[in-house]
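Going in written order, the chains are labelled A, B, C and D, and every chain counts its residues from 1.
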Amino acid sequence: METLLEAGVFADAAINRELTPEKKINLLRQMFRIRRFEQAALKHYQAGTHMGGFLHLYIGQESVATGTVSLCGENDHVITAYRDHGHALAVGMSMNECMAELFGKTTGCSKGKGGSMHFFAPDKNYWGGHGIVAGQTPLGLGLAFALKYKGRKGCCLCFLGDGAVNQGVYHESLNLAALWNLPVIYVIENNGYSMGTSLERSSAFKNCLAARAEGYNIEWDQINGEDIYEVRAKTWKAMQRAHDESRPTVLEIDTYRYYGHSVADANAKKYRDPEEIEKYKKFHDPLQLWQKRLTEEGVINEEQAAALDAEAKAEADAAVKFAEESPLPEKADIFSDVYYEVDRQTPAGRTGKHFFND
Amino acid sequence: METLLEAGVFADAAINRELTPEKKINLLRQMFRIRRFEQAALKHYQAGTHMGGFLHLYIGQESVATGTVSLCGENDHVITAYRDHGHALAVGMSMNECMAELFGKTTGCSKGKGGSMHFFAPDKNYWGGHGIVAGQTPLGLGLAFALKYKGRKGCCLCFLGDGAVNQGVYHESLNLAALWNLPVIYVIENNGYSMGTSLERSSAFKNCLAARAEGYNIEWDQINGEDIYEVRAKTWKAMQRAHDESRPTVLEIDTYRYYGHSVADANAKKYRDPEEIEKYKKFHDPLQLWQKRLTEEGVINEEQAAALDAEAKAEADAAVKFAEESPLPEKADIFSDVYYEVDRQTPAGRTGKHFFND
Amino acid sequence: MPQITYRKALNDALAEELTRDENVVLIGEEVAQYNGAYKVTEGLWKRFGDKRVVDAPISEAGFIGMSVGASMLGIRPVVELMFWSFAYVAYDQIVNNAGCVRYMSGGLINCPIVIRGPANGGTNVGATHSHTPESILANNPGVKVVCPATAYDAKGLMKSAIRDNDPVFVMENTLLYGETWEVPDEEYLIPLGVADVKREGADVSLIAHGRAVLTSLKAAEILANEHGISAEVVDLRSIRPLDEETILQSVRKTHRAVLVDENKPFCAVSAQIASMIQEKAFDDLDAPVLRVCSLDAPAIYSPPLEKMQLPTPERVVEKVLSIR
Amino acid sequence: MPQITYRKALNDALAEELTRDENVVLIGEEVAQYNGAYKVTEGLWKRFGDKRVVDAPISEAGFIGMSVGASMLGIRPVVELMFWSFAYVAYDQIVNNAGCVRYMSGGLINCPIVIRGPANGGTNVGATHSHTPESILANNPGVKVVCPATAYDAKGLMKSAIRDNDPVFVMENTLLYGETWEVPDEEYLIPLGVADVKREGADVSLIAHGRAVLTSLKAAEILANEHGISAEVVDLRSIRPLDEETILQSVRKTHRAVLVDENKPFCAVSAQIASMIQEKAFDDLDAPVLRVCSLDAPAIYSPPLEKMQLPTPERVVEKVLSIR
């Protein structure tokens, strides 16, 4: 199948027409940064010296986080699952704090306590990074609840995967969102697989997964994730609905991951036809397509693009160096960040026994 | 609002045309039995000497259990929530074992261990009786799974309330039912309220609650519960779909409960306009409507109906006597029926410590 | 001092905190228009309105998870579970999101959420509605659990729980809602992590939480009147944080301890405390630390039988006599 | 005897029982076509087909509840949880339906279901994926819990679990899947409720379950070589039912006990056992029963730190020396 991109139509959307060349180039820069960051992370994970646990790569899906998050204002919040590196960099987190987290260092965004699945930056309206499938869906609803409660005109972009739609708590969240008119947008990143299980083997549906929203009287839409213009245009419509009408939306963005479910995915090339993967890389790669688009628009040329990529790569290498040189937590650090009151040594934190090893 | 009954149309359905006068009268008898059983139970609950806990009355909804269960064959199974007296009597359980259960006696269907919410009769394909809202919905799915696994042509009728549709596990069950083509029929008994909360305050939906099935590509239908002919005609269609195509269905049956959520419902008359309750009793009572129907059809006359009612009342009074005269469990009985292997004193049941009081 | 019910004490605590802090919001099934399944929130919806007192559909995982998310942005939700037993459909949200998000974010986030409701047997509502999850929840570092035994404690602990900046689970008791105790009109707080000696004694320490404290007090009465044994009754009040000092002081004085616990015995709070006492007061003990728990089976329905299943003063007395 | 991995031992147990009883069916995420996230079910789908080995969507509450329902009609589902931590989204189905339906039906129903999967820390997968719920599940009368520490025990216990007519929860360990032990070719079963003395000793009893048994064996080695202390290692194997006799026999011989437990300390299995030992062997104890558990915080990610968080042979040795 050829790329579905129909130039024009979404490029002309108001929200895209107001994109300056700088902004367009910045979107490309972000995608290069995400890809280079993860390639560096993968390389050092495989070196096997510092990292452990899971490493879920976002490579192939960069346009989704980049396009959607590019629309966020000061009262718009973001929360996602464990495949969270792309969203983290998109909201403005530094490669240093992210790489250091993967290395389990104190300089990590979560002080080395969360790891790959648990990047957080509340100061940038980024609430993680959650390992339990769909566990973040009611949390995103809560962020929307808080915004409405405080009278702030904003919304929550809550990302989940195509496999996550079969966790009950997501459906409870949809009903609450519709019933209480909460400004939450559920963004289903449909990469076609939940681990080794294809969409067809995990979900029964009509039209698409987002259409389940119909049962809750919630607006929904489907998006071709390889086109940043489409991602931005349709996501912006949902954000306006959230901002102006305080109504939820469910968006399903079709995308693809190039690597296995996680680095530990032994079967990455078994449950997916290698040709399928190659086809995506060749015809549907969001970076190449966006670069091509910007070249056609005369916004950028080969060398400039190559320079952006080189910068991103250099930034990633520097982040690795930063991570390697950063200190590990001390044994005593295991007991901090468990209780707020204890960390602050408030009267409550100094009263009674909180830890029970002895 | 007047009754919605359009005589004829559903009466002419094949499944109803084959009803003999005896069978039609039996349906009326069953409804009288359910109502009289519960009136007796209520009276003795209020006397306050024997019963404790909850008592959720089914009065007003009799046509749903009576009509649907009347279609069940030897491989059709039934499971429901805590409002389970009606279904229990409909599947053929005796008033004695049911009343004795309410009285907490050893002669109760669950030996006095389950109480009102936990009536069971596996020998009659009746699997309870479950107290956690929607907790029974995956169990019903499992019964359907077992039937298909064993190659039996049957189905599971799994009842739930209009408030139960907002428990996530019900949605997980719908997806599994559709994905795996399991012969389960979810029957939503929509009595308009979950405790004190009206349908509108608890659920967001389009058309009706059953329509959420659409998102899973599951067939659904809505039924006027006051018309036994309609209940049977539409439920039978779903049962045929289960038997012949092994496909699930979601049915929503509109009905009404006359009493409070449970006997403990202090506000029974606060959240519902008393006129609303009166209107239902006057224009939509399933017993009266069915009796009227049968009278018009010349199947039964006043005296015969009165006699059925009197029989039912006498049976209920006898059940109370039986329950009162039955023995309570012994203290030692607290420890039986916990583990199958211990009850049977198998080698496994005799190995290691199972109970830890001393 | 005025006598008020445990229910009213909780209601007053909620009303006072709703008034004090506009970020406090009550959420739960039937808490608003219905005034609460057990009337703990009576009158609060009328007084504080739709924004502050919110009726929820039957979606515990959904609205508890939502409350955790809202708490990350500074809202202070007080969520009612009609029964704590229903926490089991929201268990992941409670343990993994409320309990772990602070740690996994390296302390960037905290969740000032309170989850409250009854957690007790004894009302013949059957096995699925009679769970006492204080032990299994307190197993998780990151959460706090309190089990008030009196109206006075219920009010003071509830107010502290709402002001606490960590997740606090308040376990009440439907059998106590209607009981009355003296409660002062003036505002007061009871810190989490402070046990209370409800009765002084010299011969044996009865250590309990929640309604088992009242069972212990009855047992102490009998021991004094019929057996000349002076029992001290220590009410834990707070399970996590735990006041080990008060427990150990009592045991060092009496040299004997019997724990009374309405949970099932295996890995109950009383097991943790028995283990702690023998470890830290080994040489002070003149006898093994014994436990009186619910009879080890799911909660039975039959009313007269369930009475026997919970710890009774008689069973406590018997245990004490076995080590006199 | 052939040396095989813990993983292969489980795989063989599943294959043998699938062959023996056509009502046995494996259900879980990625158990069929993917061969299991941790390859425990490798080759079984190919060999037994779609009907007997079923891939499930990410709906633990749904497919565990479904399995409980199917078991009521005589199917014998063996459900894989990719991690036992995911039981928390299915907690109500596990505790209330699998655990209580027999009781609430007065014994009319039984649920021959097995739920299995890894439950351990130590692989840097973070707080939400590292829970060890043996204590909180074993709190419920009606369920059974086993934690095999070796390939031999894993196979024998798994086969017994599948043949048991009550719900049995088998807790495995991702750190052990690749370890090898001797396992006979001939079929054998290990009954639930029988502990195993993995090393004889005279001076102190190290009592543990799961991987902590291996930690205890390493500690015993050090104690013997460096401190001249002869430690006995008792492997509980089964948590509920529990073999109290073997525990007590060991303690009556050594007069000292240290419990090693990878769970968090509060209300852990080791608390239950410490409480039991001091109650039933009070006069046999020359020192308090001590415990070595995971450091009391959510599981930390940082690899070198998580190593320290779990019980180590060094920490066990230290505890033993403190009561020598």
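As a working rule, contacts are C-beta pairs under 8 Å (C-beta built on N, C-alpha and C of every residue); 3 or more make two chains touch, one makes a residue touch a chain.
On a predicted model such as this, the values are computed, not experimentally measured, just so you know.
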Chain of greatest Cα-centre distance to subunit D: B
A-C or A-D, whichever has more C-beta pairs in contact: A-C
Centroid spacing, where centroids are CA-atom means, of subunit A and subunit C in whole angstrom: 40
Subunit A and subunit B: spacing of chain centres that average the CA atoms, whole Å: 46
Distance from subunit D to subunit A - Cα centre to Cα centre, in angstrom: 36
Distance from the mean Cα position of subunit D to that of subunit C, given in whole angstrom: 30
Numbers and ranges of subunit D residues touching at least 2 other chains: 57, 59, 61-62, 85, 88-89, 92, 96, 103-104, 126, 128, 141-142, 240, 264-266, 272, 296-298, 300-301
Multi-partner residues of subunit B (at least 2 other chains): 110, 112-114, 118, 130-132, 135, 166-169, 172, 175, 179, 201-203, 338, 355-356
Touch list for subunit C against partner subunit A, complex: 25, 51, 56-57, 59, 61-75, 92-93, 96-97, 101-110, 141-142, 144, 160, 164-166, 191-194, 238, 240-244, 272
Parts of subunit A lying in touch with subunit D, wherever the complex brings them together: 50-54, 101, 104-105, 110, 112-115, 117-118, 130-135, 163-164, 166-169, 194-197, 201-203, 266-267, 271, 328-329, 331, 333-335, 338, 355-357
Touching residues on subunit B, where the partner in the complex is subunit D: 77, 79, 108-114, 118, 120-122, 127-132, 135, 137-143, 145-147, 149-150, 168-169, 172-173, 175-176, 179, 336-341, 343, 347-348, 351-356
Subunit C - residues contacting subunit D, complex: 61, 85, 88-89, 91-92, 95-96, 99-100, 103-104, 126-128, 131, 135-136, 138-142, 240, 263-272, 274-275, 278-280, 282, 285, 287-291, 296-298, 300-301
Touching residues (chain side subunit A, partner subunit B) in the complex: 166-172, 174-175, 178-179, 201-206, 211-218
